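Just below sit the structures, each encoded as structure tokens.
Two complexes, one shared chain (chain A), two partners (chain B, chain C).
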Partner chain A sequence: MSITDLTSMAKPEEEAKEDINEVLNGLKEDVPSFCYQCGKCTSGCEAFILLELEPSKVMALAKSGFIEELKDSDVIWTCLTCLKCKERCPQDLAPVDVLFALKNLSVSSGKQIDSGISNMLQSVLSSGMIQKPKEVRDHKNEGVNREDTGLPECPKPSQEELAKLQQTLMKVAQEKLR
Partner chain B sequence: MNRVGVFVCHCGSNIADVVDVEEVVAYAQGLDGVVVAKDYKYMCSDPGGKLIKDCIKEHGLDSVVVASCSPRMHEPTFRSVIDDEGMNPYCLEMANIREHCSWVHKGDEEKATKKAQELVNVAVEKALFLESLEQSEIDVVQEALVIGGGIAGIQAALDIADQGKKVYLVEREPSIGGKMAQLDKTFPTLDCSSCILTPKMMDVARHPNIELLTYSEVEEVDGAVGDFTVKVRKKSTYVDWNECTGCGLCAEACRMKDKVPDGFDMKLGDRSSIYTPFPQAVPLKYTIDPESCIYLKTGKCGEEPPCLEACEIGAIDHEQEDEIVEINVGSIIVATGYDLLDPDELYEYGYGRSEDIITNLEFERIVDSSGPTEGKITKLSDGEDIESISFILCVGSRDEEKQTYCCRIGCMGALKHAYLIKEHMGDEVDINLCYTDIRSFGKGYEEFYRRIRGTDITILRGRPSEIKVDPDHKLSFNIFDTLTDKLLEIESDMIILVPALVPSEGAEELARKLRISQGTDGFFLEEHPKLKPMDTVKSGVFIAGCCQGPKDIPDTVAQASGAASRAMGILNKSRLENDPMIAWVDTDLCVGCGVCVDVCPYSARELNEVTGIAEVDEILCAGCGACIAACPSNACIHKNLTKKQIIRMIDEVA
Partner chain C sequence: MELGLYLGCLIPTEQYAYELSIREVFPKLGVELKDIQGPTCCGAPLRNINMSLTMYLSARNLALAEKQDLDILAPCPYCHQALTRTMAVLDENQELREKVNSHLADEDMRYQGNVKLYHVLDLLHDVVGVEKIKEEVEKPLEGTNIAAHYGCHLIRPNGLERPDDSEDPQKMESLLRAIGMDSEDYVEKLDCCGAHVMVNEPESALTKTGQKLEAVQERGFHGMATMCPWGQRMFDSKQEDAAATVGASLELPVLYYTQLLGIAMGISPSDLGIELNLSPIHKIEHLEVEE
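Here is the complex of A and B:
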């Protein structure tokens, strides 16, 4: 590659770019090369205001092959998966799926991911839920017994369901890592 | 069987680099019926033509096979070559060994050569039974029809009429003028649109060679180039236009005065039920809109419809009915224009959820001093003053789910509007223009863009994702400006959307009536995108303006003049020759079942009233072959493409 990013001395990574394009092809989505940078995705991105996720910039970098800096960035983990970018893109592209591909690339390359996210993963594996149900509190903000309030019991997966979920997740994870 | 000569062309290196031309010649020499086979570097050149002529003379050939490019390219060339030598021009067969062989089989010379040999073999089988055909001639009706009375139709009609031919100009609205009549100013020169259009409209009205058929629509088209028969429905206007003076007293008296949304003003203003679309309408005659007229809807309008009393000359006739006029023309120009995409298709932009979110065409009427607000720009929701106006470009354009193409006029139109707002309101108002790419490709356009950049207007590169509509009419949106990497929140009193252009309503139906094609985008398809941009697949039917694809006024006018010139090419002839490669009927075999009459898409087949046997109208038949495939008695035969020829051709490669 004859192109060099003079701020980081990085070179476009054709292989990583191809990996991402392959994932998109598998999802029957068009690749970032079709993006003409109108910025509509970033204008409406729910994660931009607080978390500085710029889907249009992600598309531009993925299109140019500067994957490393995306893969290592924490920002790709801030996507809320609201799908607005995919729904409204005039070129029918899916920045949200590019972000998923990047997150998968990041994990399989062994990068230590943010503890908040790995905690969520642990919680899903052990209880089937992202987080434990919150304690019920009354109007004085004092904890009360859920049963006494007449609320139905919190739904949670049965042992068999949980085992099946764990198996499936592990299988998917192994496939991704392979 | 004919004595056949085979002539193989190298096309420079186009064919010879991939196909072994000498081997093809050697192969051809061995075929039954071939008396001579030659090759040459450029068979289409003069020396190539001479080679063919010499062989015809020397070997007494009956038919010729030329193995070269597509017949679309050089069939006429070689027909004229053999015609020069006294051979019937239809005794020619072409084997396409370039587009169908050398160009697509680069890198596999051996197979390409074998394929070329087979293509030659098949062509020879056909050439063995080619017969001399004679062209029939038809008289050309030296009059034209122009469908659509916008600037394209006006220009085309004037060009033809000025050259001395009669033109029928059909327009479905009560007045000609089209979209251009609705515009305030035109970019980049800022000419007043109606000031440059109305003189042309008057020229049309006055021209002795133009017959205007407004408030009319094409019902049916029959016939072929040189002699079309067209039925036009003159919709009832409920006013005798021979009598109407356009005084307007009827509209003043109408009980529905100022109660009917005015389509010309994009429904931002109101008119009466009896109306003329705008003051400079051509013709300046009144029309009753049956959708809103109380009398036409209920049969009663007070004691007596007030329009009847107001019209001193008694021109109003509520009983008038539609009239069908039949006209005969040699050529047709289609100039039916465009519509705007309904911006509601992009729900996120809130069109229809606030009166202050409007289209660029609606803004044209607002900013026009003869429009519903007389040029005053205020909020449409509550009439309050405006402090900020924003533009959103490419609404549904360059969009894979809506219209994939560029509208070509949106950028320049928005820049023009920004200028006009400044002109009307000074620097009191903030203007924000959100663009994706500014396309200022025309003459003087880039200079105009620079001029606007120098004014106090905020040009942002980006596209909002959604417009928020507050219950108290406040509008706002976020836009990520890709040049500064900043997410900006913009509050605006008015938002102008610049929607995509789509073919005008009814384009599909008209395409069916005229038997012309549409592209996937719905615009009428030109015969060749570069070299025949005004022609259609239907000979004698031409297209001009936005019905062929989005374009600005200069391009529209240029194309209209071009289409007029193409039409004149037909109208200037008194007689046209017909392609003789059409169907004919073996009267011994025909049983008169009439299947051919049913399947013919060109109305070229009829049963003879006396004999009951099928006949072919040689003028209308296009040689499509539908009747040949359908005929259960094998009585329909395609001249020079008989079943015997086709079966022999298939047998050779089977």
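Here is the complex of A and C:
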């Protein structure tokens, strides 16, 4: 079970486009006429200066139908999910959610994503969590494990529960739960 | 009061100091914590990949709490926001709730929609209350000016029920004052820690971290308090890397608010995981760390 299993269930392009339109529409009944390009989202965007993400431009491109180009671009992966764009848009739009939809589309169309991101999925599928308890360093640079801290055992699902969860997640990944 | 503790992923797998200090302080303030059994990731980190997974995983954890008949304390803002969002969506959209429940049924679970959710911030400020905290203080941490870092997901977006105001949060400051510290607003208060792109754009992520730390340090604060494991990981655990990335000399003590609270309540610092902080916390008076 892996990310490739999820991505190999790639949707046909047409269906994928319908998908994103649905997301766009869900964000407000008719996004194209609502974003008036005021640029407020970009002016407060945490990823603007450093990573050159311009959420207002993403909105403009999405509304003009450049879904393909957006979904294959690297810039959609630079969003810090600070949610300021969603908070501040005078039109109640959410560029951050459009970016999430584009990233989802990119994954389901089989684009190779950063291994750090796909590893989290692998880990959730195999253990229920994005990572297992780690050895950390203390201020004397000595290794400390969870057990050394006196904390109780890490609460987690049983093997049996995990097996069921895996099956469900594989089904859920192909559905639209939003 | 009894609550189900839902830790998410980052806290129980590496941010041990947050968990230790939470398990220490809350029972002493009249909040008993029980572990939610069989929890998984809240799904928020998978939102990039597939939003349906996020929705399902959040609903599953909510259903687990309902099964144990417990309201939830979710100390991670990222989890707290994902769970809040799922609750809001499933409360409004019955059709979707049924779809989610049909999958949950395969795991012998059901989400009914009658669970309440708290974060450390609202639990301390609105439920336990500032007055009660003041009463419990044995050792006021006076003479120290601390910058509050809330974390983006704790306060945004306004459209969802969040524990404090999106643009002008003040509860953490009042909690800091309750234990004797000073805390005032600063221009960079709402700035992001950078954590979200740490896996794919580490240099930019660390630049965000370093820039905020540098600003806080230059403004003369003695340290920073957080309530977010992702923020703490960047500002404390990765402070050295952040300093190297922005080319600044950073020496800013960064602690979880629950650690500071515990110290003020007279709990031994080592029971609060203080040895696990990597920033120079000894620079703050009252924080004796065994060398």
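As a convention for this text, the second predicted complex is superposed on the first by the 117 of 178 C-alpha atoms of A that agree within 3 Å, B and C clash if a C-alpha of one lies under 4 Å from a C-alpha of the other, contacts with A are read in each partner's own complex, and residues count from 1 in each chain.
One rule holds for everything that comes next: a residue touches a chain if its C-beta (ideal position, glycine included) is under 8 Å from a C-beta of that chain, and two chains touch if they have at least 3 such contacts.
Computed from a prediction, not measured in an experiment: that's the story for all the values here.
K.L.:
Between chain B (first) and chain C (second), which, if any, makes contact with A:K84: first, second, both or neither?
P.N.:
So A:K84 meets both chain B and chain C here.
K.L.:
I'd like to know which partner A:L70 touches here: chain B for first, chain C for second, both or neither.
P.N.:
Neither partner.
K.L.:
Name the contact category of A:V98: first (chain B only), second (chain C only), both, or neither.
P.N.:
neither
K.L.:
Per the contact definition in the header, classify A:Y36: touching chain B only (first), chain C only (second), both, or neither.
P.N.:
First partner only.
K.L.:
Considering only the touch criterion stated at the top, classify A:R146 as touching first (chain B), second (chain C), both, or neither.
P.N.:
The answer is second: A:R146 touches chain C but not chain B.
K.L.:
Looking only at chain A, is it chain B or chain C that touches more of its residues?
P.N.:
Larger number of chain A residues touched: C.
K.L.:
For A:D114, is the partner it touches chain B (first), chain C (second), both, or none of the two (neither)?
P.N.:
A:D114 contacts chain C only, not chain B.
K.L.:
For A:M129, is the partner it touches chain B (first), chain C (second), both, or none of the two (neither)?
P.N.:
A:M129 contacts chain C only, not chain B.
K.L.:
Which parts of chain A are in contact with chain B and also with chain C?
P.N.:
84
K.L.:
Show me the residue ranges of chain A that touch chain B in the complex, using the header's touch definition.
P.N.:
36-45, 48-49, 54, 56-57, 84, 88, 90-92
K.L.:
Using the touch definition from the top, list the residues of chain B that touch chain A in their complex.
P.N.:
Checking each residue of chain B against chain A gives 348, 394, 398-402, 436-437, 461-466, 477-482, 485, 487.
K.L.:
Tell me, which parts of chain C touch chain A in their complex?
P.N.:
Touch list, chain C to chain A: 7, 9-10, 12-14, 16, 19-20, 23, 35-41, 45-53, 55-57, 60, 89, 96, 99-100, 103, 106-107, 152-153, 156-159, 166-167, 190-192, 194-197, 199-201, 204, 207-208, 237, 273, 275-278, 281, 289.
K.L.:
Show which residues of chain A lie in contact with chain C when the two form their complex.
P.N.:
3, 6, 46-47, 50-51, 77-84, 86-87, 94, 100-101, 103-104, 107-108, 113-114, 116-118, 120-121, 124, 128-134, 136-140, 144, 146, 149-152, 154-158, 161, 164-165, 167-169, 171-178
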